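Here chain A shows up in two complexes: once beside chain B, once beside chain C.
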Partner chain A sequence: MNWRYVARRILAGFLIYVLIIFIYSCIFNAVLEETARANIEEQIMQEMMGLRNVTPEQMANYRENRRAELYDRYHLNEPVFQRIIWRTIDTITFNYGRATSMRSASQSQEARDIVFEALPNSILLFTTDILISFTIGLFLGLKNAQKPGSLTDRSTSIGALVSMGLPSWWLGMVFMMIFCYTFKIFPTGGIHSVPLPQGIYYYLDILYHMALPLITLVVIGFWGNAYIVRNLAVSALQEDFVTSARARGLPERKVLYGHTLRTISPAVMTMGVLMLLGSIGGNLIFEGIFSWPGLGRVYWVALQQNDIPVLVADLSITTGIFIMGVVFLDLIYGFLDPRIKAGD
Partner chain B sequence: MMLDVKDLRVYFYTRNGVVHAVDGINFGIKKGETLGIVGESGCGKTTTGMAIMNMISRPGKIAGGSISIDGREISSLTETAMRKEIRWKKVSMVFQGAMNCLTPTYTVGKQMVETIVYHTRMEEEEALEIAKKYLAHVGLKEDVVRRYPHELSGGMKQRVVIATALLLEPELVICDEPTTALDVIVQAQIINLLKRLKKELNLSYIFITHDLSIEAEVADRLVVMYAGKIVELGTNEHIYGKEPMHPYTQKLLASTPRLREKVDELDFIPGTPPDLLNPPSGCRFHPRCPYAFDRCREEEPDLIEIEEGHRVACWRVR
Partner chain C sequence: MRDVFEGIKEFWKEFRRIKSGMVGLILLIIFVLIVIFEPFLLAYPETNERWNDITYWQDLPMNAPPVWAARGYPASETLKPVDFSTEGTYLDSLDFVYNFDYSAPPDDLIIALDYPVPPSTFLSISIEIPGKGTITIPSKQLPYGTSLRIPLARDSDFRNAMRAIDPYKNQMDALFSQKGEYRINFLFVHNDAEFHEALKDVRINVLGKAHGLLGTDAYRRDLWSGVVAGMKWALIIGVVTAVITVLIGVFFGITSAYFGGWIDASMQRVYEVVVSMPLFPLMIVIAAIYESSIWLIILLMCLFFWAGIQKTVRAIGLQIKEETFIEASEGFGASSRWILLKHMFPLLLPYALAEMALMVPSAIVYEASLSLIGLGDSTIVTWGQILGAAQISGAVINNLWWWVLPPGIAIVLVGMSFAFIGFALDTIVAPRLRTL
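Right, the complex of A and B next:
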């Protein structure tokens, strides 16, 4: 591995991140400043309530001084371009400011807390989903590729068409109707029971709440994975080196899971990682349906309540995760396929 | 006989009908002998080679006949037994377009070692030594084991493929157009290498090519195929020494470019090989044959021995 290439690639990723955050800052600057000003006024009002034995002039004076002081601290007096730069720096250093109306589960008003509380929930649900549907898809796809045109192969193709056309949130609602109302097997939403169970039951409770959204995602997801893997593998299996490996007497297991899978792994890996990134970053409706307290639901609520600081926090975190994922892909290509020479 | 092929038939069952790719051919190879198979594209040369490996892919099938190696019938073996016991241990193959025969994501060493370890249950270090030994045999440096195929030149890859074919010391190596994609210098090197290895290791070859000049160089005996059938079979001397007997062989030789002789126009055979879905009646070559007469159109000629070790399927030589 070429370490200079790694460093350069990570740096490039970071610069792209800064650029995108800068663009966000330009777009949201006016609203964010308005929020900041409102917060300052509120703070001054509270401080003034604590003042005793002061004349109205002193009150007005205090307000003026305090406002100037705080505007200065938050760089609100500077020209607009510099204000945007300050906004960008704040966003990159995770200083998103206070939410206008949303609260985190621990009653924090900081936008940062709200987003960082939601992040692990999204990661938990969607990583588990991708791991399961990816594994099923991989094995099913490779099996189908061995016998193209077989019954399982054709049904997988049809299944992929149907499941790709089917919105996951719609299937979620249908499943919810069946498994939560008709047969009361699963809870209708959320991630915890009330009251909060203790010890090992805490985790089992999360699993229990995660089951139905997970089943929905896997049922809808693995067909597409299988279909993509199948198509990649079918063309790889036509290659001369596969014929040659078979001629060498190697067992089919080694030919399929070794030579073939290894060769298509960059494409398969790209598919998996991009799918995961897409889900973590923005499954608004799906998380909404299951009241899953993840990033998608934070988007949803922030949009509804016009909570711009939380929205910016959510956006910058999902952008960051996405860029990290893409940089990661770039770096592992070199390992997966020696023909992709890093750094040249 | 080391390899004995009797009445081999390979049919492809396509949607449009049955393609008789190889239709009842007989030949044998003795230990240490090189058998050349020549013919135009699509006449069944490669299919014959693949049939001996029992690797005919769907919708094709060995429809009849027998292939025996050292007296053991292999056409009825299961795929698993075939992979374990015959392929590479008894018969190995250098494929057409050997350039693409190496897995691009594995190092040369890894694919060689994998093959040895699977067949012999040897330790990896030991297997690596064997791999290095055969790489040295084909004139490559030891450190090639650490290289990936894309880091090697065409000639080097071809050598690696040949070394890989020898790893388990098979008795028969099927070379399917082993030099077609190489320039003449490398081609000559590879041919010399194959000849040297044959002497050193007492190998038998089946040498499949459409290049008659290479065949003249390497083959002890030759099989000339046309449209899935053998039209002439004889020693190198029979085919190249005097005038060959079958009109197809004559034409094929006449269309080969000559080095020392200026020819105004190279001869060629008018028409194309027949559609194997509906082969012509009688002798399959009769539509393109300048000497064809009525009997050729009606009756199929058998492969008749006209002198010791020389067989021809043509009505004219009766």
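Right, the complex of A and C next:
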């Protein structure tokens, strides 16, 4: 592992992030400026209502001056290209502007606060899911690789194929219908009970709310992992070093978890990170079904309220995490696979 | 030509041995048959054009379960006159018979005729309740110029008449208090010869407590028709996206591999940027800001999905490039376009077919997910939109399983059939690629 490689990879990731934010700025600049202008007009209106003892001419003057001033501050008077550059810089520095109608839990109007508030909840749900699905997939896959063609092996591959076209949110709807409304086992959504429990119960309450979304994600998630691990392990088990390990009289467990797993570990880790990217890519809106207050639900609410700044803020943060995932993937690969050297 | 035929025959022989692949293929054939025979399967022929038009669905019950799941409840049906008699010009009398043998009354009886009512037309209705005598709703003048449509349960005269029988019950409960044969008589008084002819088509739409094969939703739409109409869109979205995407991916990959050098380097940079964008969130924001349409959705998927396969294609392409026949072809002066199209692409075609089939499920799921949050194309019927409507109307809370389950199962089945086919193709193709 070479630190120069790490630094270069992270820098490359950051450059790609900047480039993508620039592309977003090109696509969304027009509509974001529209909301910015509307916000400015509203702000001026508010200020003018506070004015006392002024003539209509002074009013008009005030409006003109104030507008010019604010347009200057938000770079709205500059040529298009420069405005896009400013927009890119603002977005990279997390200055997404004010939300049109959404508020964060702390009543902040900043789009940034709304999105950052949701971020930990998404991370909590999806990393827990990935850890569980990954573990189940790993062990099931290795077990299947020992007996290819067995009943569990074949059902795992069928499960993997079926889960490809199974929308997680639909399974969520079905599970909710069964476990929240028919049999009232789980809460019907959200992350906290009202009133908020104290102490250890606070965390147990979160776990209780997380249970059903988590079960849904795991039920869909582990099949694909098991299938990938199984395919990797089956080919690794045919290698000579496995035969020689067995010939030396090593116990089968050691052959499987020591030799085989070590060989396929780079690819298995890749799978784990790809799962994370998949969650960010497609599973996010799943949160809306369970009213789980994460990034995905912010998309739903922002859409309903047509809050464009929050949408773009959410997209930028999602992209940032996504790219961090991609970079992490490369680094892990380089770390686990000694053949990949710095500069490759 | 003969070689191609032999090749296909051999391929088929191998394919036939993979059970899951055959299951997928049979399912796909069924789906295609559903699309072909769609006009015969739709219970409501204008489903495609008028899915979001509430007036088209107004004569259906709301949130009614499927007929097979609600035995003992009245199903929706249409009553035609059993007897039609005339006196003078004109006093037309029509008789209807409704056999009521259920534990709950139907939601409504709607008197309907698709013919403009002439001025000064009067209608009086009498209903014979078995074992309880006859009730009569006083004669009244019909609004003219529009087609005839009287929902009885919402008619004030009918309500008053029912209140006289049983003031404590809802009017339909009061009317259908007895099981048995209900005889309904309409007496039309008018003076229009053409209307007289048209009158024999008067019908009574019974809005049941159960409806059709898959029930109805909160907007009174027939879900069976919706699910059938969604089939073709699922196939179009899946197949069009998969074919275009894989072709882009394959050509991107082999071009990058064949030319190498700075072309390869810059193409791989483009790939890195594309692969670093989270497609689904990006699609949400683009569809929210610009007007969403099914072709925009397909276009966006095509612009991004190819990244998933180009890396593998490039790796295979780098191998093929080293083969001697490529060198020989170059020696004969073949252009690079010729080599890409005639030598490299055909070798990758089987792999491309497998990837196409495997890409269909995700394309369908992406469209459905966008439609779920209300960003689909509202001019067509897709399963995602049916589920989106279910989500915002609280179908889950109200346990309307016939609204939530069928579209989702349809998505899973179509995805599954393509995944099975793709898996079978991949099983056949993968060893061939390895020995290339």
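Rule of thumb we're sticking to: the second predicted complex is superposed on the first by the 336 of 344 C-alpha atoms of A that agree within 3 Å, B and C clash if a C-alpha of one lies under 4 Å from a C-alpha of the other, contacts with A are read in each partner's own complex, and residues count from 1 in each chain.
The rule is short, and it goes like this: a contact is a pair of C-beta atoms (placed from the backbone, for glycine too) under 8 Å apart; a residue touches a chain by one contact, two chains touch by 3 or more.
Remember, it's a predicted structure, so these values are computed and weren't measured experimentally.
*Asks:* After aligning the two structures on chain A, examine chain B and chain C and state clash or fit.
*Replies:* Partners fit side by side after overlay.
*Asks:* Using the touch definition from the top, say if A:8 reaches chain B (first), chain C (second), both or neither.
*Replies:* neither
*Asks:* Does chain B (first) or chain C (second) touch A:103, or do both, or does neither?
*Replies:* After superposition on chain A, A:103 lies in contact with neither partner.
*Asks:* Considering only the touch criterion stated at the top, classify A:303 as touching first (chain B), second (chain C), both, or neither.
*Replies:* After superposing on A, A:303 lies in contact with chain C but is clear of chain B.
*Asks:* Going by the contact rule set out at the top, does A:161 touch chain B (first), chain C (second), both, or neither?
*Replies:* second
*Asks:* In the overlay, answer first, second, both or neither for which of chain B and chain C A:259 touches.
*Replies:* Once the two structures are laid over each other on A, A:259 reaches chain B alone.
*Asks:* Check whether chain B or chain C contacts more residues of chain A in the superposed model.
*Replies:* Between chain B and chain C, the winner on chain A residue contacts is C.
*Asks:* So, A:73: does it touch chain B (first), chain C (second), both, or neither?
*Replies:* Neither chain B nor chain C is touched by A:73.
*Asks:* Can you work out, in whole Å, how close the C-alpha atoms of chain B and chain C get once everything is superposed?
*Replies:* It comes out at 15 Å between the closest C-alpha atoms.
*Asks:* Identify the overlap between the chain B-contacting and the chain C-contacting residues of chain A.
*Replies:* Overlap of chain B and chain C footprints on chain A: empty.
*Asks:* Spell out the residues on chain A that touch chain B in their complex, using ranges where they run on.
*Replies:* Touching chain B: residues 239-241, 243-251, 254, 258-259, 262-263, 265, 336-339 of chain A.
*Asks:* If you look only at chain B, which of its residues touch chain A in the complex?
*Replies:* Against chain A, chain B makes touches at 53, 55, 80, 82-84, 86-89, 92-93, 95, 97, 100-106, 111, 114-115, 118-119, 148, 150, 161, 164.
*Asks:* Taking the complex as given, what residues does chain C use to touch chain A?
*Replies:* Residue positions touching the partner: 20, 272-273, 275-282, 284-286, 288-289, 358, 360-362, 364-366, 368-369, 372-375, 387, 390-391, 396-397, 399, 401, 404-405, 408, 411-412, 414-416, 418-420, 423.
*Asks:* Of all residues in chain A, which touch chain C in the complex?
*Replies:* Chain A residues touching chain C: 13, 16-17, 19-20, 23, 27-28, 31, 157-158, 161-162, 164-167, 169-171, 173-174, 176-177, 181-182, 188, 277, 280-282, 284-285, 288-289, 299-300, 303, 306, 308, 311-312, 314-315, 318-319, 322-323, 326.
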